[in-house]
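Scrolling down, you'll hit the structures one after another.
One chain, chain A, appears in both complexes that follow, with chain B as partner in the first and chain C in the second.
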Partner chain A sequence: MTDPSNASVWGRLGTLLSEFYNAPYRGAVARARRDEDDLFMLFVFAELLGIPNPATYYTLELQPVLLERFHQWHTRMGLEHSPLDHFRCC
Partner chain B sequence: MTISGVVRDLLDRQILFIGGKGGVGKTTIAASLAISAADLGYTCLLVSTDPAHSLGDIFGIEIGDSETTVSENLTALEIDPERTATAHIVTVKDNMKRLVHPRLYSEVDRQLELAAHAPGTMEAALLERVAELVCESGSKYDLLIFDTAPSGHTVRLLSLPEIMSSWTDGLLKHRAQSGRFAAMLKTFGNAGQASDELSHLDSVADHAPDSPEDRIQDLLSARRRKFIITRERLLDAKTTSFLLVLNPDHLSILETEKVITSLLSFDIKIAALVINRALTSSISGSGEFINSRRTQDSEYLDRIKSVFGSFPRVVVPLQPRDVYGFDSLRDIGKKLL
Partner chain C sequence: MRDDIDYVPTNRFVLWGHHFTAVAGAAPIIGPGIAVIWGWLPAFLWVVLGTMFFAGVHDFGAIWASVRNQARSVGSLTGDVVSHRARTLFMIVIFLLLLMVNAVFAVAISNELQVTPSAVIPAWSAVFVAIVIGLLLYKMHVAITWPTIAGTVILYAVIYLGELVPIELPAQILGLGPGAQWILILFFYAAVASMLPVWLLLQPRDYINGIQLFIGLGILYGAVLITSPTVVAPAINPNVPAATPPLMPLLFVTIACGAISGFHGLVGSGTTSKQLNTETDARFVGYLGSVGEGALALVAIIAATAGFATLADWEAFYQTYGTQGTSAFVQGGARIAADGLGLPLAFAQTLLAVMAILFAGTTMDAGVRLQRYIVQEWGTIYNIKPLQNGYVATGVAVGACLVLAFGAGGSGGTGGMVIWPLFGTTNQLLAGLTLLVVSVILVKLGRPSRYTMIPMVFVTTMAFVSALIQLRDLYAAGNYFLVIVDLLIVVASIFVMLEATSAFIREKRKSAAAAR
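The block that comes next holds the complex of A and B.
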C-alpha cells in the first residue's frame, strides 16, 4: 500500500487514508514496545542499579549486545553521559 | 532392606550423584564406585564439584581442572569455578570492547572485574560446567559420577536449573512481547513518518539477520536449552540416580533426613543410602571402649533402618586404616557392589 510506484490518484488517496488511521496506533505500539525493551534492559542491568539479580552471571553476556540501546536510552532520558558509575558507553 | 546388587544396578545409569554431610566419606565412596565401574568395563568420568577438591589426593595424582586419565576407563576432573568464571568474563570483555570507544576500555575492565567477584558468580560458573557435562552425558563416557560438596551446597546446585530456566523464560517472554509489538508495527506500515524519537524503533522492527534482537534471542535460548536439558536429565530416574552417604551417628542421620526432604521438594528421589564407617559385628575386638562403640553403632543402624526403611541401603564397615590409593578403594568398591 505504500508502493511509491503507485502514482494513481486512488493509490495515493489509499496511502493517505491508511496513514491517517494507522499513525496514532503506530505511535502507541512503538511506545509500548519501547517500554517493553526498556524493562528488559532494566532486568539485564539490575545488579548495576543495586537490584539483586539471581542470574547476573548470565545477564553479563547480554550487556555488550544492549550497549547501543543503553546509549539511546540515556540520551532519550536527557542524560548526556551514562548515569551508571560502572557502566559507560560514551 | 540391605540389598546387595542395588548399587551395581546403578552403574547402568548415565549419571550418579554422591552426596551427604561433610566428612562422611563422599569422596571415598565416589572414587571406589568409579574405580569398580572402570574395572567392570564402564568408561567413567569422576567429577568433583566440591571447592575443596580431594579426588587427586585420594588417588595420589595431580588432577585439576581438566579431564585427567587416572587408570584404564577412568578419567577424573576437579571443576575450578573461578577459572570458568574468569574465562566467561574475558569473553564478555572482548565483546564489550568491540563495541565501545577504546578510551573506555579501562572502565570495561573495572566493571567486569567487579562482576567476577559478585556473589553467586562462582555458583553460576559451577552450574555452567555441571550443566555442560550433564548435557553431554552418555556420549563420551558410559557413566558420569559427581562427587559433590556437602549437602546444602548440592541441594542448591540441583535447584538452580529450575530457578534459572524460569528466569530465562521470564526474559524470553518479554522478548516475545516486544516482538509482537514489532510485528504489529509492520502491519501498520512504516511510512517513515513516525516521530523522530521513535524512528530508531522502526528500523529495529525490520531487523537484519544479525541484529541485537536476534543475538539476545539466541543467547537466551541457548541458556534456556541448557537448563532445561540439565533439569530433565537430573529428574529422569532412568538417567540419573542420587546416592547419599551417611555415618552411623546422630548428626549425620538428622542431616540426611533434611537432605532427603529438600531433594524431594525438587522431585529428586534418593536411589540408595550408603552407611559408611559402621562398626559392624563382623569387626572383631573387645574392650570397654570398642564394645560401647559397637553398641552405639548397632543402635544407630536400627534407627537408620526405622527412619530410612523405604530406601535400599548398603553398609560399608569401618576400615582398620585410612582409605586412599587404588587397592584400598577397590576393597571398598567390592563391599559396595
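The block that comes next holds the complex of A and C.
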C-alpha cells in the first residue's frame, strides 16, 4: 500500500514540475491549438461559406456541437457579425 | 484579464523559477569569465552591487511597469509613454541585440565543442531527450515526474558515452575549419528547431535545461563550500595583457547579464508579467530572479579565479582579452567540482562543458525563433508578402546571424566573440532605456524616480562611452562592418534616449504644476 504522505509529496512534486514545464509555453501551445481549431471550424462551415467541401456529409452533424464556438471564431477571423445570412449568431 | 492563453495567474515560486531560467543562460558565465582579466575584485563588486542596486531594480521595475499597463512589453510601452518613433527605434535595437545573442552563442558553442570533443555526444543527445519528453507528454500523456527523472539521468549517463567516443570534425571541408563547420551546423539546427512546434523541442529542451541549471548550481556551490578553494587570481591584476581595453567603462558592458541586462526587461515584460498572480509578486519574481542570475555569475567568477592551481597557470590562460568565453568556467569549475565532490577531472570538464553548451543552445533556439517572429511582423507591417512566409523569415533571420558571425570575423566564423563587448553595450543601452521608461511612468504617478534614474544614468553613460571606445577601436582595426552596426546602435539609442528624456521632463513639469 502506498504511504499517503509519500503520495502527496510525489503528487506535489508532479504538480510543481508540471507547472514549471507548462507555464512558459502555455500561451504558445494554446495559440497553436486554437489555430488548429480555427482550421477545423473552416472545414465544418466551409460549405455554408460557399467553399465546396467533399467532407460536408460528415461535418454537417458537427455544426450544432460547434455552434457555441462559432461566434468566437468569426470575430477572431475579423468578421464582426456572422458571415452567413441564414446562420445568425449575433 | 485572464484568457488562459497569455494571461494565466501562476504560483510565484513557479514563475520565479521560469523567469530565472529564462534570463540565466550562458551570458552570466561568459561575461565574468572574460572580465576577471582585470582581477577578481572589480568583477565581484560589479556583480554584487549591480545585482542589488541595478538588476533587481530594473527587472522588478520592468515587470511592475508592464503589469500596471495591461502587461504590455517595454517596447510597446515606449510607444505610449514616449512616442511611436521611439518605439520603432527601440525595436531596431532589440533586433540587433537578438542578432548578436545568436552570433555570440553560436561561436561560444562552436569553441566549446572543439575544445571538449567529449561534450559533442552529450550536448546533441539533449535534443533527442527533449524530443522524447515532448512526445511522451503531449502524445502519450505520461505524467511528468518519471520522464523528468529518466531524462536527467540519461543526460548525465551520456556524459560517460561522450568520453568514450569524443567527436572531432575534419580539419577542412570546402576550405572551412571545424569552428566554421560547427557554426553552420548549429544555425542549420536552429533554423529547423525554430520551425518545429514549441511542444516538440523548445518547451521540453527549456524545461530539462532548467532542471540542469538548478542541479549544476547545486553541484558547483556544494563543491565550493566543501573545498573552499583558494583564489589564485589577483584582486586587481597588475599585469593586464597589452591589448586589453580599459576597465572603466568596459567592465560594465563585459559583464551585462549577472549585473544588469536589458534582455531581462524583454523577458519580464514580455511573458512574466502576463502570468503574475498579484502585483506585489513582481518584487519576489523580478528582484529574486536577478539575485539568482547574480549567483550564477558569482560562481562563474569563483570558477575563473579559484579553479586554477597557480597564479602562473591563471596568467597563462588570460593572455588576451575576450577569448576565454565559457572555457574559464569549464576548466576552473571542473577542477573545483573534481576536488570537492571527488569526480574524475575529465568527467567534470565534460559535465560543465555540456552545461554551458546547453544554456547557450537554448538561448540560441529561442533567439532565432524570436527573430523569425520579428521578420514576419515586419513582413505584415510593411506588406512584404515573402517575409510573412515562415521559411523565408527563418532564412532571413539565420542569414543575418551568419553574416554577423562570418562578416565580423572572417571565414573562421569567430565574429561572435569579437562582438561580445558590443553585445554588452547594446544590452546595457536597452537596460538604460527600460529604466528611463519606468522612470517616466513613476513620475507620471508622482512617485520618487531616483531609484531608477541613478542606475539609468550610470549604466547608460558607461554603455555610451564603451560604444564610442569600440567605435574607435573597430575603425582603427578596419572592421567597417562592425563600425556600421555600432553606429546604428548608438544613433538609434541616442534618439530613443532624447525622446524619452523629453517625455521625462514633460511629465516632471506636469507633476510639479499639479503639486502647486
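One rule holds for everything that comes next: the second predicted complex is superposed on the first by the 60 of 90 C-alpha atoms of A that agree within 3 Å, B and C clash if a C-alpha of one lies under 4 Å from a C-alpha of the other, contacts with A are read in each partner's own complex, and residues count from 1 in each chain.
Basically, a residue touches a chain if its C-beta (ideal position, glycine included) is under 8 Å from a C-beta of that chain, and two chains touch if they have at least 3 such contacts.
Just so it is clear, the structure is predicted and the values come from calculations on it, not from any experiment.
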- Task: Scan A:Glu47 for contacts with chain B and chain C and give back first, second, both or neither.
- Result: first
- Based on the superposed arrangement, let me know which partner A:Arg88 touches: chain B (first), chain C (second), both, or neither? first
- Item | Partner touching more residues of chain A, whether chain B or chain C | B
- Query: A:Arg34 contacts which: chain B (first), chain C (second), both, neither?
  - Reply: both
- Message: One more residue to check, A:Met77. First (chain B), second (chain C), both or neither?
- Response: neither
- chain B versus chain C as contact partner of A:Leu66, first or second or both or neither: first
- Item | Partner chain(s) touched by A:Glu19 [first = chain B, second = chain C, both, neither] | both
- Item | Partner chain(s) touched by A:Val9 [first = chain B, second = chain C, both, neither] | neither
- Task: Show which residues of chain A both chain B and chain C reach, each in its own complex.
- Result: 18-19, 23, 25-27, 29-32, 34
- Query: In their shared complex, at which residues does chain A touch chain C?
  - Reply: 10, 13-14, 16-21, 23-32, 34
- Query: Where on chain B is chain A touching in the complex?
  - Reply: 85, 88-89, 91-92, 95-96, 98-101, 104, 107, 110-112, 114-115, 118, 120-121, 124-125, 128, 163-164, 167-168, 170-171, 174-175, 177-178, 181-182, 184-185, 188-191, 193-195, 197-198, 200-202, 205, 212, 215-216, 219-220, 223
- Residues of chain A defined as touching chain B within the complex: 1-2, 15, 18-19, 22-23, 25-27, 29-34, 36-37, 39-40, 43, 47-48, 54-58, 60-69, 72, 76, 86-90
- Enumerate the contact residues on chain C facing chain A in the complex. 4-6, 8, 10-11, 13-15, 17-18, 22, 137, 143-145, 148, 197-199, 202-204, 206-207, 210, 271, 274-275
